[in-house]
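So, here come the structures, one by one.
The following pair of complexes shares a single chain, subunit A, combined with subunit B in the former and subunit C in the latter.
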Partner chain A sequence: MSPSLFFHLVLLETKKLMSYRVDFWITMLVALVVNLVILWALWQAIFAESGKELIGGWDLNGILAYGVMVFLTGRIVRGGDLQMTVATDIYDGSLSRYLLYPRHYPFVKYAQQVGNILPDLFQSLLMGLVAIPLLGISTTTDVSPMSLLMAIPSILVAHLLFFLMSLTPQYIAFWADNVWSLSVMLRFVTMLLGGAMLPLTLFPESIQDGLRWLPFSYLFEFPTLVALGKIGFVQWYQGICYCLLWSLLMGLLSIPVWRRGDLRYTGVGI
Partner chain B sequence: MIRVQNLRKIFKVHRKPPGFAASVKSLFRRDWIDKVAVTGSTFEVNEGEIVGLIGANGAGKTTLVKMLSGIIHPTAGEAEVLGHVPWKREDAFRRQIALIMGQKAQMWWDLPGADCFELLREIYQIPPEQYRKSLAKLSEMLQIGDEMNIQIRRLSLGERMKMELIAALLHSPKVVYLDEPTIGLDITTQRAVRDFLLEYRRTNAPAMILTSHYMEDIERLCERIIIIREGEIVYDGSLKRVMREYAPYKQLRLNVHRSSTAPLDLASLEAMGQVIECDPGSLCLRVDRDKVPEVAAELLRKYSVIDLSIEDPEIGDTIERIMAGKADGIR
Partner chain C sequence: MIRYLRLYLQFLKFSFSRSLEYRMDFWFRIVMDCMFYLVQLVFFTILYQHTDLLGGWNYDQILIFVSGFLVIDAIHMTVFSNNMWWIPILVNKGDLDYYVVRPVSSLFFLSLRDFAANSFLNLLIASGILCWSILRYPEELGTSNLIWFLFLLINGAFLHYVLQMYFQIPVFWTHTNRGLITAFFSATKLMERPDKIYPIWTRRILMTVFPTLLVIALPSRILFEGPDPWLIFWVLGVTACSFLGMRAFWNLGLRHYSSASS
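Showing the complex of A and B:
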């Protein structure tokens, strides 16, 4: 795909989302307030009840910072509402339009997905400016301009991995029509095992060991830890490479599924 | 340009009987049936030709179009469009075709037409100069002005269809599939779309396949038609020939003076042809084409005729009869 087409698709998708101004601001405000209240109430109670200063290597302010940061990065990684569009395209026949274009369908969808995260990126930045000053100083995090800079590519590769990871389950729509439940399952599994609900250091050792061999931690925990300054440069570089490797694997896995599914496509709706 | 050889498509369809018990059962075990959508179609379409694909709902017209545009794979058979196998979806093939679907919007609902066209320019890699000329020409032909800057979802159905036409033809395709392009449009817009398509054919000479339920589309646009019944092609030829072969009769309609003429005698009329209507003062007879002069003379001699007209049967009626398998001499 030519860079100018990619850029065009990205901008168009962003423009489309920005045209719904009310939705844009309400989504942001509600999500921020609800998450801040839940995080604060939950972890305040846990720390008070346990009487401990540190839980899983985090103090209260540190874990609140993790919660805020993983919420902000997670929104970008998941790419908003677009995560089901491939399955929806297959289900309602909108895929037909893309099959007519002389372009590779997943690339077009990826460009649209990137376009979809630009408003999220902007929103997360705004929310970060509001929420981060409210957090107290933590001895377990080390946020710096450098760590925040390093977080940007980490988030982008995590987003690519999430997109490619969600392709195969969505292609199941060629056989099952409606794969909403699969998508919900994928969302919860990735959020839980990827560290979007709580830091993976709070999991039992054996599970943590197992998760090291899986791609989930690169989705949410990795970019968050990078932003919080808990990942050194070498580890960061390795993490990016692993994430890209997993992305390649997920992309390759989706190809035969697409080929088999394509043979069954009926192009309903026309 | 388009060559189709024995093309078949069979869909596997989940059969679900009504009722709650059947729904529960379907969670564990499903019954599938084969639904034959297209049975061994063979035909060719040449450059500059508009071929009307006619058939009842579910006859297989759209399935055929979907295979020829590369959207779906056939179960068996061969097809070649511009030297390409459509379902291989080579870029060189997709750059030269367009599919316009009257029932399904292909443009981006939340964006104005101008943005959609720009995106299509990128997708098809249309050189800027050619794009500007194409857009200006198509907009002028379809009389589109400021509408181009309004979100697609806020346009009327007619305006949206005009946008769809521009979007589909911007890259000057050599093969155009039109799936019910005038469905739901008012008479004026239907006419505008037909005029536009004729003009487009005159200037660009693409091969076009048109499906439509409106006979006026077929009569105005197509010299050749293909009639499909239950997935099978039952007629492929000119519109004129369909009338000659499948409607070998004409209708004689006459009004007679009630007072000064002999009463209409049903028995003698039936000897001349099939009586369609027989009221005091008016009569309609279906007569074999070669007997028309003789019967007309007989009627003029026998009755005091005020008015006599000789009509071809409605083409729509004839095609409907073919589609239903009722026409004389159907293959």
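Showing the complex of A and C:
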């Protein structure tokens, strides 16, 4: 796909999303405020009741910064509301339109997905600038302009990985009557095992060891740790490479499913 | 009343036969909800690896609290969730006409007509988890505590529905309430944590203005600390006021409803 077409699709999707501006801001503001309230109350209580100064290698301000940052990066990685569009295209027959285009369907969808995250990226940056300074200084994080810069490619590859991971469950729509529950299931699993609900250092050692062999930590924990300055340059470079490798694997996995599904597809009205 | 009960039985029959037509979705949804239950239990189990108490509750108590919340979620998914999904669509397409002209309450009909039979199995699973967490509780839980807890649990499920309706009804004016509904689901996360972790002012807001703590946190407190008449009166009073307010809001919305075909 040519870059100009890719960016054109990105822009179209962004414009479409911004046509419901009130929805866009309400969703973000309420989610951020609720998350801040819960995060602060929960960790304040845990630190007070356990009497510990460090939990899983984090002090109170550090874990709050993690919570805010993982919330902001997580929104971008998950890419808004596009998770069900592939299945919807299959169900309502709009896939037929894409099959006639001279571009491969997943690339068009990916361009739309990127368009969908651009406003989120801007919003998250804005909210991060407001929220992070309010949390106070932590001895367990080291946020710097360099760490924030390094976080941007980490978030983008994590987003690519999440998109490719979501693709195969969506293709099941060629066979199943409804795959919404599969997408939600994927979300539950990735949120917990990817570190979106809790830093993975809080998990028991044996589970942490197992999670290192799985792609989930690259989705949420990795970009967050990079942004918080907890990942060195070499580790960051390795992390990006692993994430791209997992993306490649997920992409390859989706190809045979697409091919088989495509053979079964009957467009509405055709 | 009998007429409404008979009507509800018809809804149940129809929902069960329809859900069995989509068997794959039936099983997917069951697995999805089980995954949700597992994630919630694992989340608190990991937290309790690092502390003995949270909001004054130990691990055995938090298990009952979480299981109670899972039961409420399952009731919501079974009884109300599908219906909530349809309300904005019916309003925007003008299909509400068919329900407004029927000789039964439109609020009753639209809130209860679609019973999610697949989620009903999850309700049984969630109830099983609750029974297990109560049976493994090491101390004696009084019978009256238990009865009040179960009663307030059902009340909590009803209150959850009422609160969601406040976020649904604006669709009569706004035409899209997607942002509001997402905001509602974000806000309900507040009820998934013990009440005592919140500072006093937040707790007051969450017991009056947006009473999410009355859904499961306070019923759990009544189970562990015994029935406090004032607290029970408060929970039931706020639920009744919220329901009456919601019904008035619904009627106001209906008055503003202009059918798409007119």
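The rule is short, and it goes like this: the second predicted complex is superposed on the first by the 268 of 270 C-alpha atoms of A that agree within 3 Å, B and C clash if a C-alpha of one lies under 4 Å from a C-alpha of the other, contacts with A are read in each partner's own complex, and residues count from 1 in each chain.
We adopt the following convention: contacts are C-beta pairs under 8 Å (C-beta built on N, C-alpha and C of every residue); 3 or more make two chains touch, one makes a residue touch a chain.
The structure displayed is predicted, hence computed values, not measured ones.
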When both partners are placed on the shared chain, which of subunit B and subunit C touches more of subunit A: C
Subunit B versus subunit C as contact partner of A:197, first or second or both or neither: second
Partner chain(s) touched by A:178 [first = subunit B, second = subunit C, both, neither]: second
Touched partner set for A:26, first subunit B, second subunit C, both or neither: second
First, second, both or neither for A:134, with subunit B first and subunit C second: neither
First (subunit B), second (subunit C), both or neither touched by A:245: neither
Contacts of A:103 with subunit B and subunit C, given as first, second, both or neither: first
Residues of subunit B that touch subunit A when the two form their complex: 11, 62, 66, 69-73, 89, 91-92, 94-95, 97-99, 101, 103-104, 106, 108, 110-111, 115, 118-119, 122-125, 151, 179
Complex contact set, residues of subunit A against subunit B: 2, 4-5, 8-9, 12, 15-16, 19, 93, 96-97, 99-103, 262-263, 265-267, 269-270
Subunit C-facing residues of subunit A, complex: 20, 22-27, 30-31, 34-35, 37-38, 41-42, 44-46, 49-50, 52, 55-56, 175-179, 181-182, 184-185, 188-189, 191-192, 197-198, 202-204
Touching residues on subunit C, where the partner in the complex is subunit A: 22, 24-25, 28-29, 31-32, 35-36, 39, 42-43, 46-47, 49-55, 174, 176, 178-180, 182-183, 186-187, 189-190, 193, 196-199, 202
